[in-house]
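Shared between the two complexes below is chain A, which has chain B as its partner in the first and chain C in the second.
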Partner chain A sequence: MTEQTSLREQRQIQLEEHESYFNLVWRKFRKSRVAIAGGLIVLALAVLAIFSSFFSPYDPVKLNMRSGYTPPSRIHFTDVNGTFYGRPFVYQWKQVVDENMYMHWVEDTGTLYFVNFFVQGWEYKWLGLFPTRLHLYGVAEPGTIYILGTDKFGRDIFGRMCLAGRISLAMSLFGTFISVAVGSVLGVVSGYYGGRFDNYLQRFVEFVQSFPQLPLWMALAAVIPSTWDQMAVFIAMSTIFALLSWTLLAREIRGKVMAMRETDFVLAAREMGASDMRIIFYHLYPNTLSHTIVVLTLTIPSIILAESFLSFLGIGIQEPLVSWGVMMREAQTIQTLGFNQWIIAPVLFILLAVLGFNFLGDGLRDAADPYTIT
Partner chain B sequence: MLEYILRRFLISIPLLLGISMVAFAIIQLPPGDFATAYQQYLINQANMSPQEAEKAANEYRKIYGLDQPVPIQYLRWIKGIVTEGKFGYSFAYKQDVAQLIAERLPRTLFLALAAHSISTLVGIVIGIYSATHKYSLGDTFATVFAFIGTAAPRFFLAIVIVYYLVIQVKYPYVNRFVSPQYAFAPMSWEKFLDILKYSWPVIAIAGFGGVARNMRVMRANLLDVLNSQYVTTARSKGVRESLVIYKHAVPNALHPIIMYQGTVLPYMLQGELEAAIVLNMPSLAPMFYSSLVNQDIYVSGGFLFIYSVLLVVGNLIADIMLSVLDPRIRLGQ
Partner chain C sequence: MTEPKKILLEVKDLKQYFPIRRGTFRREKGYVKAVDGLSFFVREEEVLGLVGESGCGKTTAGRTILRLYDPTAGEIWYTRQDGQRINIATISQKEMKPLRREMRMIFQDPFSSLNPRRTVKEIIGEPLVIHNVARGRELEERVAELMKAVGLDPNYMERYPHEFSGGQRQRIGIARTLSLSPRLIIADEPVSALDVSIQAQVLNLLQSLKMDLGLTMIFIAHDLSVVEHISDRIAVMYVGKLVELSTTEAVLYHPRHPYTEALVSAIPPADPDIHFSRIRLEGEVPSPANPPAGCVFHPRCRYAQERCRVLEPTLVEIEPEHFVSCHFATELHLRGIGGNNVA
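Coming up: the complex of A and B.
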């Protein structure tokens, strides 16, 4: 009895002294300022996407043809007479025709509209659950505020960018998730069992890797019938992106598992009669997790880029679904872009997302192996 | 050595055969074929009755073998490629796809290879500079540049360039590969310069990401090598710093760059693809895109196949180059 308690006490001490792997990773990760910045960017984009309705003063799906292609509202603090107001305000844009019959946008400096925060606006459901009208910012009627202008149909571009983040981020996450699942399962199995299966699988990986990624994605995306419903298109697109991305992870994990297969702790587990399943999932797989997370953060940006390009070409996501690439479709016609440069704004979020995930991935790569001292 | 090359070459044959099957399967996936579109066209534009149009479409199918089962169509297709060099008939361009490829492939290759060589050269030079001037202003600048280079969507860069060239400076050399007066002229210095006038934006965009990649790899490698003991030894012997870097360190840091040449080529091809579609440069890329939209299946299939061939050949060349440079690879096999 006493022996047992002392054993328990010993274990207690061991537990206290032992710092978990994730603690070590976090400690190293925290030191990299770039990685933290990347994480914050990703977090900010995710928040904007999840609470997109809160951040958009106008319904991002409702058409409003009368205000099509309105330039971004300028935020002022001083009016035309030089009077300083302590709070930001906007003027309305109005179109005038000059002597050459060209249309121009000028600010109507007659009335100024103060920017209010936490205002009541259009109704939406918070997280899809509670109906509310609360929005981050807005101006009093009949004024309007479009901080990044409007698109062809008069919809607020900033609000739509936030909304589009849902599809763009969710698709890249979902695609990456599939490719990680397939890649790690095949990698572990191939590395652990070896032999003929491993040989076949490696030939198959080589086969898949010899496909040109972007042309194949284009060809596959073009095949998706436009009559499919939104969810089906979303899943099909994610799967297409996963189709070619899993090979890298499968190879890396296979290599790691192969190296670990003959180590003492695995041999010991096997001698003690552990089943293959237990060895794989309890002993081997957790050791490849660091690799998986790094590959994950580096696959996401590549899918974001590919998705935006395909949607930009019109063979990826289609309206009424909206992604960052879809929003940039209008920029394909150079005349439209020439008159309304602000329609290119969604690229800002693409850049931020790709940079954010890249920074995060770089930081994680360095932190994933916290045992080496640099 | 010869045996190694031969073996690598033989392996790529079944690989290409498999790729051709997948390419053909994909282009067969969408419902309907070009005859369906033709039928619609006859009804809408030529005022044919639906019955007449269907009859015409069926005749069309018969002529081009679209009524045959898919495996038979595939066999015909692959037989045409191997025996006669024919890639099937383009319904939209009314000629054999092989002709389209023959016309446009050299352009794509030129663009991709130009982007490739420029990005390798520039990337290595900037990489050496960054590594030897670690944490200096120039290095920071190069690092930021590299991050933007890998993060910016290339189609966006293309849009910006088009916008700037067309709207701002009214640059006349867009949308073509070569000016009309040189179109049938034999290759000459003037023609080459003329081609460059049209193609520099595509090369620049495709190369930009490659510069960033090569620069990062080169910087990291050179920093590793500069930390190794033989470099310290060389320095302590009193060897000049420039000699230490260019004779001792750089050649060893170059190895990974050469190793990744095989993976950089597809990256360049993709860059060319994105830039050329947006800039409407008549290389393989825009035609591939329009064929996907129009369901001109032999064009899509043929081009997809050609892209894969380029990839396989690129990898083959990279492997052979590496085995020439590094005997461990061919002996290890």
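Coming up: the complex of A and C.
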């Protein structure tokens, strides 16, 4: 028998193919429809954000003052004469002035522009790597299609929403990652060692928690120098959100670890001669993972909301970076909003993102602990 | 009788007090004297049964001997393979680590003593990994051997603990304990969490392992019927102290301490026709935080006299190999199994 012959062959042991942790989680997760819906929403938003250029027929940062505040294009299948076309088309909006000198947007039914799919448009780099001109949809020149209208500068709102998703989602993910890393490590250590260290850390947690969040965010965000480049601001903002949201997780993990610290399997590990590090990271931490995953999915929407809020107030992300909150800034005055209702559209994505992550978290909470006999 | 084997472990006047802290400033308001002056020894290849009611400090004693707790006072002398004697009570955890290969524990609760997130292979192999004994394929092979030794199918090594029954889980725990071929095993009520039918299986397994591997064991139980078959000698504990220590036969048939007599009377006879007259002890086990003066057993003792309330008895060897802690050990006529009275 050669060296290479595996143990399994030698002993004729047919080790059964065992389901991995993620398989087990997936099997349980799949049963919850709400969780699947949440997952799909999140996935869809992520795809829209990552391939935002593909989904926007016009360059979302290029100014086009003449078409400022254009209403959303209406998708038609039948023209004004009642003729049915088998494919969607749009009319152009034009401004007319009525007898009371009010301006109105009316559709110019003279020319119809068919919506084409997979068209060539403005040039961008696919995933930042390969230059391409391919876009999901568009209409022939000189027609335009703005499915959610345009903002003050004539930029396609849908395209900008997709682009803004990059910052909003990336910031919440990055912030949550820092928050969970800090929160879970401090929570496990605090719960495991207890004593004086735990006492000091918990008093610090209370100190952080007792800050009124909003003014503190504002103060910290205001401290970021305006001369910093975009990336630095992005990281600084994420860190600010993370440093204020880790406390909840730290508390909860600490509680779980304190309960687990006295269980026999931790005692057994100590009896074997396992080091503290091994007990913490090999035995205790994996057992808090299900909890961490749930808190993670709940921290993400809270950071999305916080970011939108700060950006809405004008102290978060600044142009030319664009996030959902930045886009909402334009909707700050009733007047603008009253005439151009479509500029509130980014709220839709914020809502979807928050709901999606909450549904996902709900499903994960039930699925993340497959090792219990139910 | 063959020549007595060498002493592997000797415990001298071991004390384990846990402070009671109360109030805002967590000041020490007293002590729970979980183990209060325990002395005994274990010979090589011998099984010592440690018996007592729950809360009498058996488990604490076991854990203190393995330095899972730091003892308050006393000495724990362990003899290594080369004859070197080490006082475990005073060495550091770092110095303790190599000894953890030789002294292992079987835990009481097979449900909480296995990490639910680790496979059986990882659980049984963990001591081997910690002590750098085996890795990879070698580890897998060793785990398969151990699983066979305790009567588990090695095909199941990739499974998680929740997929096993209580008896199987206890076998996993035993395999983990055996993985480093220990010289001393402290079995902390290894069967009390199991069904009676499974208890017998696990006891038989331990019995055969003892025969095959020549294990030295301290077998902790709250029930004499569990230890009577496996033990060579039995030590009876009451509220942190030893009340009687002798060979299994002497303890069962000729008990010299009133508490042992009551325990022995609680062993149900195998024959249902035999009249089963159990001695019922009055009252509760005293709190180890506030033990009674004099003999700790006197409030519940049928034979207690004035002397017992005042003077604390010491553990005395009244016959060879028979230690009793009672003022009237030689005077009382106590009942053993089958109503045998001591002359």
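One rule holds in what follows: the second predicted complex is superposed on the first by the 349 of 374 C-alpha atoms of A that agree within 3 Å, B and C clash if a C-alpha of one lies under 4 Å from a C-alpha of the other, contacts with A are read in each partner's own complex, and residues count from 1 in each chain.
Rule of thumb we're sticking to: a residue touches a chain if its C-beta (ideal position, glycine included) is under 8 Å from a C-beta of that chain, and two chains touch if they have at least 3 such contacts.
Since this is a predicted model, take the numbers as computed values, not measurements.
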Touching partner for A:Trp105 - first (chain B), second (chain C), both, neither: neither
Which superposed partner A:Arg278 touches (first chain B, second chain C, both, neither): second
First (chain B), second (chain C), both or neither touched by A:Ser308: first
Partner with the higher number of touched chain A residues, chain C or chain B: B
Which of chain B and chain C A:Val347 touches, first, second, both or neither: first
Partner chain(s) touched by A:Asn287 [first = chain B, second = chain C, both, neither]: second
Touching partner for A:Phe153 - first (chain B), second (chain C), both, neither: neither
Which superposed partner A:Pro212 touches (first chain B, second chain C, both, neither): first
Partner chain(s) touched by A:Ala269 [first = chain B, second = chain C, both, neither]: second
Chain A residues touching chain B - in the complex, by the definition given at the top: 206-207, 210-216, 218-220, 222-223, 225, 301, 305, 308-309, 312-315, 328, 331-332, 334, 337-338, 341, 344, 347, 350-351, 354-355, 358
Residue ranges of chain C in contact with chain A within the complex: 63, 66, 68, 96-97, 100-101, 104-105, 107-109, 112-119, 126-127, 130-131, 137, 140-141, 144, 154-162, 173, 176
Chain B to chain A touching residues, read off their complex: 15, 18-19, 22-23, 26-27, 29-31, 147-148, 150-156, 159-160, 162-163, 166-167, 266, 269-270, 273-274, 277-278, 288-289, 292-293, 300, 303-304, 307-308, 310-312, 315
Chain A - residues contacting chain C, complex: 6-7, 11, 13-16, 18, 263-265, 267-274, 278, 283, 286-287, 289, 371-373
